[in-house]
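Several structures are given next for inspection.
The same chain A turns up in both complexes below, where it pairs with chain B and then with chain C.
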Partner chain A sequence: MTLTHYAFSSSYFMSFLGLIFYRKHLLSALLCLEAMMLILFISLCLWGLILASTVFSAGPMILLAFSACEASAGLALLVAMARTHGTDRLKNLSLLRC
Partner chain B sequence: MNPYVLSILLMGLGLGTTVTFASSHWLLAWMGLEMNTLAILPLMAQHHHPRAVEAATKYFLIQSAAAATILFASSTNAWLSGQWDIQHITHPLPTVMITIALSLKLGLAPLHAWLPEVVQGLDLTTGLVLSTWQKLAPFALLLQISPEIPLLITSLGLISMLAGGWGGLNHTQLRKVLAYSSVAHLGWMMVVMQFSTSLTALALLMYVIMTTSAFLTFKLLKSTDMNSLAMSWAKTPSVTALAPMMLLSLGGLPPLSGFLPKWLIIQELTKQELGLVATVAALSALLSLFFYLRVCYCLTFTSSPNNLAGVAPWRLESKQISLPLATSTSLSILLLPISPAILSLTLPLF
Partner chain C sequence: MHFTTMILSSSLLTVFLILTLPILGTLNPNPTKSQWAKENVKTAVKTAFFVSLIPLFIFINEGLEVIMTNWEWMNTLMFNINISLKFDLYSVVFTPVALYVTWSILEFASWYMHNDPNMNRFFKYLLIFLIAMIILVTANNMFQLFIGWEGVGIMSFLLIGWWSGRADANTAALQAVAYNRVGDIGLILAMAWMAVNLNSWEMQQLFSLTASHDLTLPLLGLVLAATGKSAQFGLHPWLPSAMEGPTPVSALLHSSTMVVAGIFLLVRLSPMMENNPLVLSICLCLGALTTVFTATCALTQNDIKKIIAFSTSSQLGLMMVTIGLNQPYLAFLHICTHAFFKAMLFLCSGSIIHSLNDEQDIGKMGGLHQLLPLTSSCLTIGSLALTGTPFLAGFFSKDAIIEALSTSYLNAWALVLTLLATSFTAIYSLRVVFFVSMGHPRFNSLSPINENNPSVMNPLKRLAWGSILAGLLITTNITPMKPLVMTMPLTLKLAALTVTITGLLTALELASLTSQQFKTKPLPTTHHFSNMLGYFPSVIHRLIPKANLVLGQLVANQTIDQTWLEKTGPKMMTSINLPLISSTSNLQQGVIKTYFLMFFFTMILAILTLV
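Right, the complex of A and B next:
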């Protein structure tokens, strides 16, 4: 595994752990999700550069467009949750247990 | 909902699954999965009450994490092998990561904890879309990747069957019962996937038909609770007579059509010398059968002179179109005698 591959693999796993183990706010989970998407964007750019292949040059832009849509959907859900539950704290997400 | 917005969302849902079915590149498959997620989120949150928003938030976080993991695993495979083809994943690590991420998307145990809560927070129509249509695209991807570690697939299937059976035992909310039944059926589909992808597709098709019938029945009876099923004899006696048949078909009893996938899966497992897996699968079907029987009991055996569990409802005329319910209930009860015809149609395809 090259150094570049190790760098973006470990940073992806760090953000994924940040998404899984988030503590208080939903916004921190959305931030970790955005970090994951950014790392994937960087890895797609680097893949084309290191393998010297231009056939997939549009890939990072497509990923960026879709991850922007997903981020805006996440923020809309954050606003909806602030409207219905009052905050974005995760302990409040307990209505569906019973 | 505004009909223009609703039509755009439904077309987005259709397009997302179609794009994933038609893709041979992992980025395109990921795009189709993301389109499905984004299109169903407004449908989930359309009623703006706290349970719907909570269900939509949990669904969004789970599906985005799973889709990002799929893309990370496929980009790892691209780094290691130089190509993005779906059917040519060579390295075992990306294969395992993609399998686990797709099982998180589907709701296979041990990654099934989000499914009952999310289905509980939705109305019955959106729950139907979630349980049937949203399962098609991840399965299209799972059927194409060749499993590197057979133990992973078999154990995902077995744990799903047992978790779906045991988890659904102590619930009174019908949507949670249907969510656990979905987990159990997904387990049946997974356990045979490495031997015969056409049997997985057949099991998926039968599951879609039976779950459609179940959700549409509960929508017609306007009941989300087992107690409110008790008055269904007053609303529509014919549905009260046929719904137990459909629920027993979900449980996999012969001579109903739900028996067909279970029978063929156990036959295939026995042929592949996995007799213990087949035995555990058959015994775990008993667990699911218990809670289906409990729903049948609430439908049929709680009428006078026994005590009634529900309150007598207003008998208003139902405006639901009855053709989908009639079609799916007939198919979920009567398909077993023509099973050679069904097998000749589905087996050569996959």
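Right, the complex of A and C next:
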């Protein structure tokens, strides 16, 4: 595996770990999700450039559009949570549970 | 760059980063939380241990060794000093061992020092010590090694004198610094000679120029450095005095890590020593003298920590003997296995001392096998591993060393002394176990004896597993550098075992003499046989009914009641199912993180099966 492969795989994996193992704020999970999208965007761009093919040229833009949709959905959830619970801390959801 | 090389070097740099981060975290002006030590430092060392397993497994799988030269520090026309890290067999194997032992010791220290107001500073010192030790171990040039060397020396001074209100502790710390400094003169002499004559401090260049120079002077300097740091005879008194420090300090510095720095230096630079018979003989004789002298001193000590300290000194002498035999790999193997059981012995003694309300005299302990079963079992396991019981950790290294010693064409006097010291090891180990855990209690009755705290018991259990398995794991996975002599006469093969058993039996005999009284007048025994009717009624009328009754009690009480009905019968179902039930119901609370965790496991499985 080349250096590029290793760099992208490991940074994607790190962001994934950051998404899964976030502690307090839901916002940090959303940030990691954004980081994953960014890495995918860069790797799609580089993939098209390295293979010198024009077929995949539109790929990054489509990914960007979908990423924007997903980010807005995540933020809407965050805002809804902030409206009902006051913060976006995850522990607030289960405070009144025994 | 090749994939596995990148993984190995980045993992080891990650280890450095993980260990340095808590130290950098103390630079902020906000006061640290009271749980900082336990949360940040211990988890940092634990994480670093797990990360350092990756290079270990890569090394075992592929035999990959990496030398990284990172930064050019000072470069003149003729002489370069770089930051250069060498990850070969020695550092890749030693780093996980040191981190495992340190993790256990830090967890123990969070219990032992929990009502010390400066506990956070204590943990910070231990962490700085650990970083200096890893710098020493991974150094590829003498300058970096010297940085690590001085670092461990300074932290040793600060940690021995931790309870600085006590005059003995200050004296001991000063002794440690003074004796280490004398050794440092040797190291600086060697470094200066190398800078002038060999034009470099990088180890690769040093090893390639050894054939063309007479290396006696720098090698003598290195032996002096090892004598100072590893407490060989002549510069040895600082090690027993260093027991004035807290028990975690004794366990980490003065048993597993710092004192092996001198031996490690000689192991690292062993290609320079291979062809110099004078220096090898000096190492051999010095090591033999050290091991027998300190083992003799350990025979009649009364303080439990001093006995273990002298035991450490004796094992260091044994390592020096191995270097004198031109077997650096065996010395390194002994370093690794010794770290486990010696740290465990110190942790057991710390647990005992704390339970008996700071009593350190073994004459005032006793009967702890019933009261502290886990601790005394671990003490026994550690002592057995120390004496070289077959197939525990110490056996693989110690027996290999004594076999190499017996089959070599070197000094027979050194062999005799080493065998004598091996039997002494058995004697003082039995003495510790006998006075601490056997017999009747000799301490005050209101001591807080308990084994309730998992911060103490988990490190002991972990180190016990290490003491049992470490020797086997290391020898089966890593091939030695030199072929060992495998054929020898049966007496020589069993020499170590024979002298150990002899020592054990002697010690048992001597220990049982403490509870007997010599008769003032010998009794005539000739007519006793017929007087007592040939002992027939007294044996048959007492022995057989007693055996029957005991068997009945055993069957009814232990076998049926305790074993079948409680452990393996109905109660086993409850005791196994209850944790399962509670953990399952805890998992299914509906918390988002659980779902993420399952997602993570699925991803890992998918990656592992697809790649």
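Quick notes on this structure:
In this text, the second predicted complex is superposed on the first by the 94 of 98 C-alpha atoms of A that agree within 3 Å, B and C clash if a C-alpha of one lies under 4 Å from a C-alpha of the other, contacts with A are read in each partner's own complex, and residues count from 1 in each chain.
In this section, a contact is a pair of C-beta atoms (placed from the backbone, for glycine too) under 8 Å apart; a residue touches a chain by one contact, two chains touch by 3 or more.
Note that the structure is a prediction, hence the values are computed from the model and not measured.
Once chain A of one complex is fitted onto chain A of the other, the partner contacts of A:Ala80 are limited to chain B, with no touch recorded for chain C. Of the two partner chains placed by the overlay, only chain B lies in contact with A:Phe66; chain C stays clear of it.
When the shared chain is aligned, chain B comes close enough to touch A:Leu51, but chain C does not. Shared-chain residue A:Phe16: touches chain B and chain C both. In the superposed model, A:Leu3 makes contact with chain C only, not with chain B.
For chain A, the partner with contacts to more residues, out of chain B and chain C, is B.
The residues of chain A shared by its contacts with chain B and with chain C are 16, 19-20, 93, 97.
Per the touch definition, chain C reaches chain A in the complex via residues 1, 3, 6, 589-593, 596-597, 599-600, 603. Considering their complex, residues 1, 3, 6, 16-17, 19-21, 90, 93-94, 97 of chain A touch chain C. Residues 5, 9, 12, 16, 19-20, 26, 29, 33, 36-37, 40, 43-44, 47, 51, 56, 59, 62-63, 66, 69-70, 73-74, 77, 80-81, 83-85, 93, 95-97 of chain A are the ones that touch chain B when the two sit in their complex. Across the complex, chain A is touched by residues 27, 30-31, 34, 37-38, 41, 45, 48-51, 53-58, 60-61, 64-65, 68-69, 71-72, 75-76, 78-79, 82, 84, 117-118, 120-121 of chain B.
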